[in-house]
Amino acid sequence: MDGILALAADNLISPIILSFALGLFAALARSDLSVPEAVAKGLSIYLLFAIGFKGGASVARHGADATLLTSLVAGVALSFLLPFVAFALLRLMTRLSATDAAAVAAHYGSISIVTFVAASSVLAARGIGSEGYMVAVAAAMEAPAILSALWLVARAGGRREEDGELMREVLLNGSIVLLVGAFGIGLLTGEEGFRRIASFIDAPFQGVLCLFLLDMGLVAGRGLRGARGVLSAGAFGFGLVMPLAGASAGLAAALALGLSPGGVMLLMTLAASSSYIAVPAAMRVALPDANPSIYLTLSLGVTFPFNLTLGIPIYLALAQAATGG
Amino acid sequence: MDGILALAADNLISPIILSFALGLFAALARSDLSVPEAVAKGLSIYLLFAIGFKGGASVARHGADATLLTSLVAGVALSFLLPFVAFALLRLMTRLSATDAAAVAAHYGSISIVTFVAASSVLAARGIGSEGYMVAVAAAMEAPAILSALWLVARAGGRREEDGELMREVLLNGSIVLLVGAFGIGLLTGEEGFRRIASFIDAPFQGVLCLFLLDMGLVAGRGLRGARGVLSAGAFGFGLVMPLAGASAGLAAALALGLSPGGVMLLMTLAASSSYIAVPAAMRVALPDANPSIYLTLSLGVTFPFNLTLGIPIYLALAQAATGG
Amino acid sequence: MDGILALAADNLISPIILSFALGLFAALARSDLSVPEAVAKGLSIYLLFAIGFKGGASVARHGADATLLTSLVAGVALSFLLPFVAFALLRLMTRLSATDAAAVAAHYGSISIVTFVAASSVLAARGIGSEGYMVAVAAAMEAPAILSALWLVARAGGRREEDGELMREVLLNGSIVLLVGAFGIGLLTGEEGFRRIASFIDAPFQGVLCLFLLDMGLVAGRGLRGARGVLSAGAFGFGLVMPLAGASAGLAAALALGLSPGGVMLLMTLAASSSYIAVPAAMRVALPDANPSIYLTLSLGVTFPFNLTLGIPIYLALAQAATGG
Amino acid sequence: MQMHQAKRVEIIIEAPMEGRLTAALIDAGVTGFTILPVLGGSGRSGLWSREGQVGRSGMVAVICIVRPERVEGLLDAAFRVVERHMGVVCVTDCQVLRAERF
Amino acid sequence: MQMHQAKRVEIIIEAPMEGRLTAALIDAGVTGFTILPVLGGSGRSGLWSREGQVGRSGMVAVICIVRPERVEGLLDAAFRVVERHMGVVCVTDCQVLRAERF
Amino acid sequence: MQMHQAKRVEIIIEAPMEGRLTAALIDAGVTGFTILPVLGGSGRSGLWSREGQVGRSGMVAVICIVRPERVEGLLDAAFRVVERHMGVVCVTDCQVLRAERF
């Protein structure tokens, strides 16, 4: 317990978290500080490219093993199943309509790549290794949750748009393509490729992450400001309980897979995190009647900060305790 | 005198100044070279974050002393008082209306953070240290001048908009929040935080500054091109005299405070520089009848290049002479 | 021959080429991956500034010689003459109208600075030196081809817009001004300037190039997708034959000039490459009846990828064989 | 200058639906349109702003200028896409040069 | 397709005044509007362009579609904000789908 | 609120021609206009999108609000520039506040 607190305190005064807090503060104080949309997108392209490439290069270095495949399968399964957990919890804790609950559930089955990146940074700062292919697992977990959510709505009798395009769009979502593509490039070019562009993708990584989290703080703060009154206490509680439930499922799966302590922590983080790019866009197309304020505020305004500040140290402590690592 | 000339010559052929000159040339020659607005804003976010963070980390390293507080107070006082000097000079040297003169005066009481950054770079290149908290002084000097200007207009009987929002907007201006916030982050995370992101905020700093000054040159050049005939000879003269007046006031204050040679030079530069972000926006809201071409052209087209090329070496030479440093 | 193949294979699995391939794949698969226009422009500003500066600093280091001038003259001559070769080939291989053929020819007389940058990277990765002033030659080759194309249209009786502005616009095109300007800054500030900003313009260069080529792949892929059916087999063939013709002319000129092996390869690459920035804009103004799909698809969709993947290794092998270097 | 009557249809729609709308327009034979970016706005679902967003969020404005007789078909096609989504459809009378383009 | 008469009000205004204008609109009961970015322009105060600017400079275009009976209130509210500032207010007749939204 | 009849002219034109168009407008005495960015579109020369482009490609929308009696001169000037180029010119009736500005 003491370990967790020390870790959390240490985590809280890192430049990354403080940058997020600065953004949050600026938005809540109605400062006009803002990051242009194009710059935010540019930073996210950099982060996806760098994290994908580093993952691929690390697999090239250490070699792939059978766990790569079983991990991918486990990730897909988690993404399929977590929406059902989320939906049940939401039905229990809130009075959201079936459509709204399903839309929220889709977000929590999917993942947040920035939370993943922040968790990787914590591992790196502590010198804890992890499986490079967790990046591929992250990509594999983005989409399946959407199918579960659509199935939940259909079962609840909700009308939903027939749309053959949707799955193609989600699977070829820019962030998935870039992450998997950069992973592939890292895998193919290996050590030699990494050396060539290391001073671009490695050295400035933490700093770019700071600026990106500054922007995430701004977006989250603006969302919270605009959504005052949108979230019931129950919904708010869900935003804190669900990541813990997800992390537990992730822990169980990771131990079954036999991952390293770092890998266990990353899979927990993925399961605990919730989407804020691919899934919101998909929900606007597939479930236009679901209220975007609810799922965006929960995902970006409640769960994302929780994971960033308290969640990640908790998951790391649990992962180390469970693996004895 | 020889020292100043050598310093100025040396300063003039630095990549930073030449980048500014390139932008200026391109705009005057009507090249279509341009930096997208979003990129320029991204570069300025980087510069503010980096300079704020470095200032905070430097205070964390060297410890704060009583001079921090007295310096902040001195900065605020300079920002309040310099508009009166500027207004008097303008009334003497030009035939601008009271409203136009007050709007210009507000710009010269406030500061230009890029001029400050350029001055810091000159210090760094010469290995001259300075007080890290000068960044906080810079932030404190942004806003007070606006109040003085509004008071000047009111006294001159000029109608002015009642607007309670305005001061909140100015004090929570994005650039102030980012500068102070990054300063705080640097202060809290200290040496350890700096080490983590040094390869982002330190190594590429000079290069980013080059690109940013390229853009400043473009903007200044476009302004000069558009404003042909807007400035009288008197106004033009004011754009060269006022920075020297400001720098003298800054020198007096800095000596009274007992700053290091580098710190003296930075306070002189702050007092000599004029705003081109926070104040123009505030003037559009508060003094819409003031002509923006006048204050933008003076601030960006005359005083900014003067400070960048001749001003900074002069202030450094004077600071060194006055402190014997 | 074996050497070329090994070189090509080696070239093909570099991060740069794979990033381009990823963009191409994403666009052809209709992923929504995209680089914002402002970011793409920001990356290109960085690349132009860095390559220009490095060229200038290199000339400052090694000194300029008489070949600088003769090389500039040769570059201008190549740019003037290649459109005639291209026009003749197009008339032979395709049924394009005189206007369309002239517009295409203008692109192939001019150059692609990204292809030049990619070729420089291949040289750098292999530790092969080259004349720093090739950057200036590249700039000199951008515009002359446009005059040749206009002359070709006029001769063919095509109506063309009288437009005194056009040449000024082309010669003061943003990319030319930035490239030449940065070259000048590098030349003036030399070794000392380079040291100051090396960690900005040198260290991350390869990585930035990757992201830029990712975007080029996206743009090329979108173009190819939109232009299905626009190109006849003959036109497509032209897109592969013309760079080889250009490279041969470049080789002859380079040998006559007595350039180093690296310089020979760069001049071949310049002659083989085709414009995608300055010339398309000029053609929209001067030859609005020419179909932009044709010239953009040929230049960006056919010749650019060809040069990037197969062309550059071929030119390097030939340059080394011809100079015995 | 010879002018011709036409209709200007302005559709403000969520960015993730842009592709579906333009596909529906093209299916309905409307091959001329222009897409403008939108910075922010307010409606029944509250205020929003584009700044700092990274996903395909926000809205776009699609402008189509068509001959009067084609407006009905255009609106039918657009309505099927917009129906259950946020957004606004607004038609104005206008006059155009070069009628052969529409 | 059932269309309804409405008014389209387009206000081109300095960016630093955007927040005050939208606040005034909301105060006046106008809760639907869309904000478009502006690249540059020319008016009595000369030419300007957005490129390379870093401050909150430039202009934005605010578009409000309202029922005809609300246009007067809207213009009153807008005018009080715009009055002493640069910018343009322009009203067009238009027709909208889904009148319940306005 | 006192309104005045005016014309709103919207010209969608290739970006490389923007400078020529605004110069022609100013020559013709039209000193008020606003330029909006365009994200993409479709016309007789097919679909295009601005994303990732680096050159001065794409289109812009130029909006001029003028007194009715000046519209003819404006269109003549614009037409000479636009004539052989891609793009669209569309005129709507509108009403403006502050007629002295136009």
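Annotations
Letters A, B, C, D, E and F name the chains as they come in the text, with residue numbers starting at 1 for each one.
Basically, a residue touches a chain if its C-beta (ideal position, glycine included) is under 8 Å from a C-beta of that chain, and two chains touch if they have at least 3 such contacts.
All values derive from a computational prediction rather than experimental measurement.
Between chain C and chain D, the least number of touching-chain steps is 2.
Contact with chain B and chain D alike is made by A, E.
Of all the chains, the one whose CA centre sits at the greatest distance from that of chain B is D.
Summarising the inter-chain layout, the chain whose CA centre lies farthest from the centre of chain E is C. One inter-chain figure worth recording: chain B and chain E are separated by 34 Å, centre to centre, where each centre is the mean of the chain's CA atoms.
The distance from the centre of chain E to the centre of chain F, each centre being the mean of the chain's C-alpha atoms, comes to 18 Å.
Rounded to whole angstrom, the centroid-to-centroid distance between chain B and chain F, based on C-alpha atoms, equals 38 Å. Multi-chain contact residues of chain B (touching two or more other chains): 32, 34-39, 41-42, 203-204. Annotation for chain D: residues 36-37, 47, 56, 92-93 touch two or more other chains. Applying the touch definition to every pair of chains gives A-B, A-C, A-D, B-C, B-E, C-F, D-E, D-F, E-F. For chain C in complex with chain B, the residues that touch the partner chain are 36-39, 41-42, 45-46, 49, 53, 168-169, 172-175, 177-178, 181-182, 184-185, 188-189, 193, 196-197, 199-201, 203-204. By the touch rule above, chain F contacts chain C in their complex via residues 14-17, 20, 45-57, 84-86. Residues 13-15, 18-19, 22, 25-26, 29-39, 42, 125, 203-208, 210-211, 214 of chain A touch chain B in their complex. By the touch criterion stated above, chain B contacts chain E in their complex at residues 34-37, 40-41, 44, 161, 165, 215, 218-219, 222, 226, 276-278, 280-282, 284-285, 288-289, 291-293.
Those residues of chain F that touch chain E in the complex are listed here as 1, 3, 6, 8, 22, 26, 31-37, 60, 65, 92-98, 101.
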